[in-house]
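Here it is, the structure, as structure tokens.
Here the chain labels run A, B and C in written order, and each chain numbers its own residues starting at 1.
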Amino acid sequence: MSLLEARGLSRHFGGVQAVAALDLDVAEGEVVGLIGPNGAGKTTVFNLLSGFLAPDAGQIRFRGRSVLGWKPHAICALGLARTFQIVRPFPRLTVLDNVLVGALGRHPDAGEARARARRVVDRLGLGARASTLAAGLTLAERKRVELARALATEPALLLLDEVMAGLNPTEIATLVGLIRDIHAGGVSILLIEHNMRAVMALSNRIVVLNFGERVAEGPPAAVASHPRVIEAYLGEDDVHAAPAR
Amino acid sequence: MAVGLTLIFGVMRVVNFAHGDMMVWGMYLAWLLAARGGVDPYASFVLCAAVLFVAGVLVQRGLVQRIVDAPHEMQILLMLGVALVLENAALLVFGPEPQRVRSALAQATIWLGPVFVDVARLITFGVAIVLTLLLSAFLFRTDLGRSIRAAADNPYGALVIGTDVRRVYAVAFGIGAACVGAAGALVAPLVPFQPSTGLQLSVASFNIVIIGGMGSLVGAFVGGLLVSVAESLGAVFLKPSLKELVSFSLLVLILLLRPAGLFGRRAA
Amino acid sequence: MRWLAAAVVAVLLALPAFPSVFGSYAVTVFTLIFFYGFLGQAWNVVGGYAGQLSAGHAAFLGVGAYTAALLSVEAGVTPWLGMFAGGALAAVLGAVVGFLGFRFGLRGFYFVLLTVAFSEICRIIAANTEAVGGALGYYITFTGNPRQFQFQDTRAYYYIALALMVAATGLVAWLERRRFGVYLAAIRDDEAACEAAGVDTFRYKMLAMLLSSFLTGVGGTFYAYYLFSLQPNTVFGVPLSVEIIIRPIVGGAGTVLGPVVGSFILSPLAELSRHYFAQGGWHGAHLVAYGALLVAVVLFLPEGAYPRLARALRRRAAPAA
């Protein structure tokens, strides 16, 4: 069942074509990795999908409905949640309240929402820090708060924007485990990631972007040895020098 | 006047609510010099500019610098506080009655083609152009000017290449204040002023700067021309007491339609 | 913290008894404390919690005041009802300002400018409309008739102001824990993140604005019937807006007790300074003090007096923690 269908998505900024006639699908139950060099347009795609930017052209269907022109909160209500590349928890709110904001979207009663938020907080291992203000957390903890907040909105599809960035190997390993766990719980995931090990480990399928266009797509192993992908990351000369994996 | 405001905003992203009130102090200073020292405002405007430059640097160093990284609400409140202090200190010191500065030149008029023109306004216009050109030259040709522009574009980058960002901010604020001091002195002979004029002037400054684009000098100048024309037209068609209505309505319209302005960049 | 809560409750219970004990000047001061505490709390909803700084709340007060006064004097409607009409009309204005501001994405300083512009526009219109008294103002004849919201005994104003403040504070305390309050606090921190988490930021900012302007408009009726004269320059002026916002800011914007604490601190000082300075002909001295205070608070006490106090007391109570 196709959860997300984007067709012919285009967006330019001034003279730069950030996204060019992109087709993108996420099926229910998939983990799709979105990779590409810096400036390839990945975050722009996220902004388009989640309603923060309007596309110049193209169509986006989520859960069978067109969400073109919808405001971000409405798309979230439909079941699409996202995190931000530069992590944005609410600094003056506690961890629990941060997650509470997400939960309230599904459970208007504050008491009920608080209970659910508490469960998400515990599930992501933040139980001990529940009453700490988000501003006082480490980077890894703040990422988990944002993830928890997104999770509390009970999404069908989760958009993760470079969640591994800035974390040390231990933290990355923990986060990979958490994401696997979330996926096992029935949430489909589309993730932007530079950390290749994480992408390979998590994804069923990888889409490669360069200059706003899809350059390759397929299972992780196939994509890793795809000449155009290597060219995009390393440059033309190294196409033949790439090791077989 | 507007050039000063846009400079302060463009460099530090801090909106100077006290702008109009600073200008009023410039006016009072010119008045003092004229009344007590017998100095004509068209000569004293340089001195007024200098005094306000120093004052501006002090305000920046002492107050604004501390909240450059603070949430916007705090910056707004700070400048509001400064505006309050300035306006009401003027009220305390100078009293609420309107003042006017006498100048020999203010009375004279000359023919310019088919039109009668006030010498006073002509000089003001001329000086404004000259000062704006000087300022542009300063910003684009001198090292310090370039540092200011660098700091405006990218504070961290500027730090990396060794710019003393704090000094640059102080200077920028000072220059902004100086512009306003000069403007105050130049305008003082043209209109009666009182402490409450501060708010009107602030509004006018904001109108101009928002229309022309926050952070753009050219925009400030063009905006100034546009707003003056609009206000003059308003004065022709409406009762005098409604003149303020024009500037506030204009402000609302401008806010709604064009926060980025004609030339400027969006607020961060 | 038990004893602090008990102390607060004790003070609150004692307040109604004060008028019998204190002389009329003290009663007046307290009435002002309560009234400005009420107005500050009304502003707190949109300015403190939602973080949308409005420096034009006098507009709502003025609209409420003039509406109630006009309805009573011209149409014989009792201010007890006119109060709600005034509040409603103020809410309409709030809806307009909010809609324009929020739809057009005016944040921070741009929004402040918008609110100031609106209150000034109201001021100018009122000053130029003869039907409402023009620049000279609108006067209400004193009849002392409670049906007309007028009382011979100034203690009645004390109780009404106290009731208003307690009601508003209770409302805010209740809302703080509910979805409305949580959403507002989040909006203040980061609107984009809110949208991503499913919060309709426009809707909640509008609701906050409506509530805030309605309450302020209701306060306008009290104002009109306490002072009996409405001057556009005073009622719609920036100084009054400053009076409204400075108490919650000093006391702690975005907290339940901030506006109350702020009013208890500032109102007596304002009264004293007005007494002192006005006699010496020093106009505007207290506004200079306000400005300086605002600067000082931003630099040294950004969260406000009440949160600081609460933290200090908490630390005292649990030194080992």
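The rule is short, and it goes like this: a residue touches a chain if its C-beta (ideal position, glycine included) is under 8 Å from a C-beta of that chain, and two chains touch if they have at least 3 such contacts.
Just so it is clear, the structure is predicted and the values come from calculations on it, not from any experiment.
Here the chain-to-chain distance from chain A to chain C, counted in touching steps, is 1.
Chain C has its Cα centroid nearest to the centroid of all protein Cα atoms in the structure. Using the mean of the Cα atoms as each chain's centre, the chain most removed from chain B is A. A straight line joining the Cα centres of chain A and chain C is 43 Å long.
Averaged C-alpha coordinates give centres for chain A and chain B that are 46 Å from one another. Separation between the centroids of chain B and chain C, computed from CA atoms only, is 32 Å.
Residue positions of chain C touching 2 or more other chains: none.
For chain A, the set of residues that touch two or more other chains is empty. Taken together, the chain C residues at the contact with chain B in this complex read 51, 53, 55, 100, 104-110, 112-114, 116-118, 120-121, 124-125, 127-128, 238, 242, 249, 282-285, 287-288, 290-295, 297-299, 302. Here chain B touches chain C in the complex through residues 15, 17, 63, 66-67, 70, 72-78, 80-89, 91-92, 96, 195, 199, 203, 206, 239, 241-242, 244-245, 248-249, 251-252, 255-256, 259, 267, going by the rule given at the top. Residues 177-179, 182-183, 185-186, 188-190, 192-201 of chain C touch chain A in their complex. On the side of chain A, the complex with chain C involves touching residues 50-52, 71-74, 76-77, 81-84, 88-93, 97-98, 100-102, 104-106, 108-110, 113, 146, 149-150, 152-153.
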